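In the two assemblies presented below, subunit A is common to both, partnered first by subunit B and then by subunit C.
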Partner chain A sequence: MIELMQITKQYSGQTLPAVDKLSLFIPQGEICVLVGPSGCGKSTTLRMINRMIEPTSGMIKINGENIMNTDSDQLRMGIGYVIQQIGLLPHRTIAENIAIVPRLYKWPKDRIKKRVEELIVMMGLDLEKTWGKYPSQLSGGQMQRVGVARAMAVDPPIMLMDEPFGAVDPIARTHLQDEFLRLQREIKKTIVFVTHDINEAIKMGDKIAIFDAGRLVQFGTPEEILTNPINNFVEKFIGHDRVVKKLNLFRAEEVMQPVGRDMRKNEFKVFVQTTTSLPDALSLLLEYDVDYLGILKGEELCGILSFKDIRKHVYRKEGE
Partner chain B sequence: MTLKDFINFLTKNTGTIMEYSKNHFTLVLLAVTISLVIWVPVGLLLTKNDKWAARVLTLANTIFCIPSLSMFAILVAIPYFGLGRKSALFALVLYAMMPLIRNVYDGVKNVDRNVIEAAKGMGMSSGRIMREILVPLGMPIIFTGFRITVVMTTGIAAIATYIGERNLGRFISEGLVRSNTPMMVTGALIISVIAIGLDTILGAIEKRIVPRGLRINR
Partner chain C sequence: MTWENFRFALFEKAPGALFEHSLIVLITITLAILISVPLGVFLTRPKFKSFGLVTLNLLNILQAIPGLAIIALALPILGLGMKPAVLALLFQSLLPIVKNTIAGLLGVSSDVKEAASGMGMSRRKILLEVEIPLALPIILSGIRTATVYVVSMGTLAALIGAGGLGNLIMGGLSLFRPEYLIVGAGLGAIMAIFLDRVLGHIEYRITPPGM
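This part shows the complex of A and B:
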């Protein structure tokens, strides 16, 4: 867990602090997304956690220990760090790049080799084709995977990710996000994730911290923030389609009406799987101009989803 | 001058030619070695401090602008230096300051900031970043500076003949005074061959010294 207590960063020659008396608590095993317009202090905050930037005042604790008590290089070795531009060493192969931190820890060679191979496979890259290549031979999406693999090399409990998927095309980004979320369910890291994209924040975050001008404006789960934006700034930042965005948080099975065995598949025209997100389900309702969808779990019919169900769900969550 | 005159000169003066070439070579070798030992570390240090970098680079530029004949004359006038190798070496090392410091500085400064940021963020110490990242990635530019230094030093060393160096420059200066064309041409030719030869060899080495990952095309 990470605790930020009354953190302020004041750059000399600037009237306003980049980060102003920020307090934040990030529990173990969660993804906390820092989001806000550019220049709001989100990256500065992230970079203070691994002492790439030193705060002017305030204290940061990791697992109860003040980070200023640890040597900065030692501290950084124990925290995964991914940046948007990735920063792979162009003169080192992919395997050598991933092995950087294990080498700093002086792991034996065979242990490093085993771990590197494991990570390349874990990231969904072709082991034989990838390990001996140089960064310039990979696509943007592949490089980003290597960047994430490199940050996870020594299995650090904490990872800091600064717009990690910002530089890849939208399709690759969606893919990387989905895979990373799937991976996170297994590895359960404590992750601080910076983005300027509210949609990415809603998708990735267990908690979202919305920043503006160096201050924390609102902190909460995506659902809380979408349901009760605290002020005009947050409301504008999350967009007027916040109700539709909120649908993203739910899957068909959470909203559907379960059906018994008396209903048959042939009573439906359109089917979706239980894991389908609500916006997709809604889109299909409109596209096929039907009143309800059949919800399938595998091949078996298990529910029915109508426009009314979605509306009821939204209203309930809106608290009206 | 006929080709015969030229060949005659070469065969009759083999001993002197060998001696002058050797002197020329050792002066260049010494000057380049001392320059590397001094200026490469200075260049690396300057990458840590922009204010000092600007000052030192301006100084190096200024020194570089002084014509070599003037520089030798000035040094000879200083009691400790006087005529001879000390002055010659000192002048050559001063001239090497600009190409070496500038290229070491530029080479290191041109390394992608994101690579350094990522390395630092992974907990690499600044010494390790210098050794494993900045120097190898800056090497193409640093090596170019080295190459320029070698060729330039070979040329300027010839002028040191005016302050008592017995090297290939002497053939040219004496040849001019005595209107001895074969002597003049011999000096000019050998110096040129040495300069071009060194540059070619260094060019070949330069290709090998660029890290493999930077040579591979997408």
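This part shows the complex of A and C:
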């Protein structure tokens, strides 16, 4: 877990602090997304956690230990760090790039080799084709995967990610996000994730911290923030389609009415799977102009989803 | 012009002169690298960046002083021979190497340095494993410029008894033997071209394959 206590960063020559008396608690094993317009202090905050920037005042604790008591290089070796520009060493192969931190820890060669191979496969890259290549020979999406692999090389419990998927095209980004979320379910890292994209924040975050002008405006789960934006700024930042955005947080099976064996498949025109997101289900309802969808689990019919169910769900959550 | 004179110049005089000349070039360039590269590294460290402009201007002035003038100035202090010659040539060869070292190091992408530092690489490690390897082709190109320069300016060293190919040229001029002159100047030109090619090849070879 990471605790930020009354952190202030004041750059000399600037009247307003970049980060102003910020306190934040990031629990173990969760993704905490720092989001806000550019210049709001989110990246500065992230970079203070691994001492790339030192705060003017305040204290940061990792697992109860003040980070100023650790040597900065030692601290950084133990924290995964991914930046938007990736920063792969252009004169080193992919395998050598991933091996940087294990080499700093002086792991034996065969252990490094094994770990590098494991990571390349874990990132969904072709082992034979990738490991001996140089960064310039890879696509943006592949480089970003290598960047993430490199940050996870020594399996650090904490990862800092500064717009890690910001430089790739939208399709590759969605793909990387999905894969990363799936991976996170297994590895359960404590992740601080910076983005300026509220949709990415809603998708990736267990918790979202919304920043404005160096201050924390609102902190909570995506659902809390979409349901109860604390002020005008947050409301504007998450957009007027917040109700539709909120639908993204749920899947068909969470909203559907279960049906018994008496219902037959042939009573439905359109079917979706239980894992379909609500916006997709809603879109299908409108597209085929039907009143309800059949929900399938594999091949078996298990529920029914109508427009009314979705509406009821939205209002129920809104009222909570 | 006689064939006899030509042969004498080429086979009797030239080998010794060529050796001396090579020695002067080798010593000068070695010293120049030993001074310039650390100086360039030093001037790109954040703490000392402010000295950069002053130092570069100073080196510019040093390079602007004609080699002949430095040799004349060094003569009363260091006497005759190789020492004042090397000193004069050294002054002239520092600038291109320092300049290229600075350019090369500043040219290393800040993203790469940021990522390296964010992974916990120490400043020393970043310098040795990231910055210098990436800047090396540019540093070497500075060394190449300086080497060619020293080879050609090195002929002046003969004026203060340092020997080298300049001996043949000066001798040819004073004895009215164009054969000596041709051999001296020709070998100087060949040496400059040869070293330029060799260093160019090394530069190509050490350029990291990914770049």
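Criterion: the second predicted complex is superposed on the first by the 319 of 320 C-alpha atoms of A that agree within 3 Å, B and C clash if a C-alpha of one lies under 4 Å from a C-alpha of the other, contacts with A are read in each partner's own complex, and residues count from 1 in each chain.
Here, contacts are C-beta pairs under 8 Å (C-beta built on N, C-alpha and C of every residue); 3 or more make two chains touch, one makes a residue touch a chain.
Predicted model only: the values in this text are computed from it and were never measured.
> With the two complexes overlaid on their shared chain, look at subunit A and say whether subunit B and subunit C clash or fit.
In the superposition, subunit B runs into subunit C.
> In the overlay, answer first, second, both or neither for which of subunit B and subunit C A:K61 touches.
The answer is neither, since A:K61 touches no partner chain.
> Looking at A:R242 after the superposition, I want to know if it touches subunit B, subunit C, both of them or none. Which is it: first, second, both, neither?
After superposition on chain A, A:R242 lies in contact with neither partner.
> Counting only touches as set out at the top, which of subunit B and subunit C does A:D73 meet: first, second, both, neither?
Once the two structures are laid over each other on A, A:D73 reaches both partners.
> Identify the partner contact of A:I83: answer first if only subunit B is touched, second if only subunit C is, both if each is, neither if none is.
Touch partners of A:I83: subunit B and subunit C.
> Scan A:K21 for contacts with subunit B and subunit C and give back first, second, both or neither.
A:K21 contacts neither subunit B nor subunit C.
> Just which bits of subunit A does subunit B share with subunit C as contact spots?
Looking at subunit A, the two contact sets intersect at 50, 52, 73-78, 81, 83, 85-93, 100-101, 104, 134-137, 147, 150-151, 160.
> Going by the contact rule set out above, which residues of subunit B touch subunit A in the complex?
It is residues 112, 114-125, 132-133, 136-137, 211-214, 216-218 of subunit B that touch subunit A.
> Under the definition above, what is the set of subunit A residues touching subunit B in their complex?
50, 52, 73-78, 81, 83, 85-93, 100-101, 104, 134-137, 147, 150-151, 160
> For subunit C, which residues count as touching subunit A in their complex?
Contact set of subunit C toward subunit A: 109, 111-122, 125, 130, 133-134, 208-211.
> Hey, which residues of subunit A end up touching subunit C in the complex?
That would be residues 50, 52, 73-78, 81, 83, 85-93, 100-101, 104, 134-137, 147, 150-151, 160 of subunit A.
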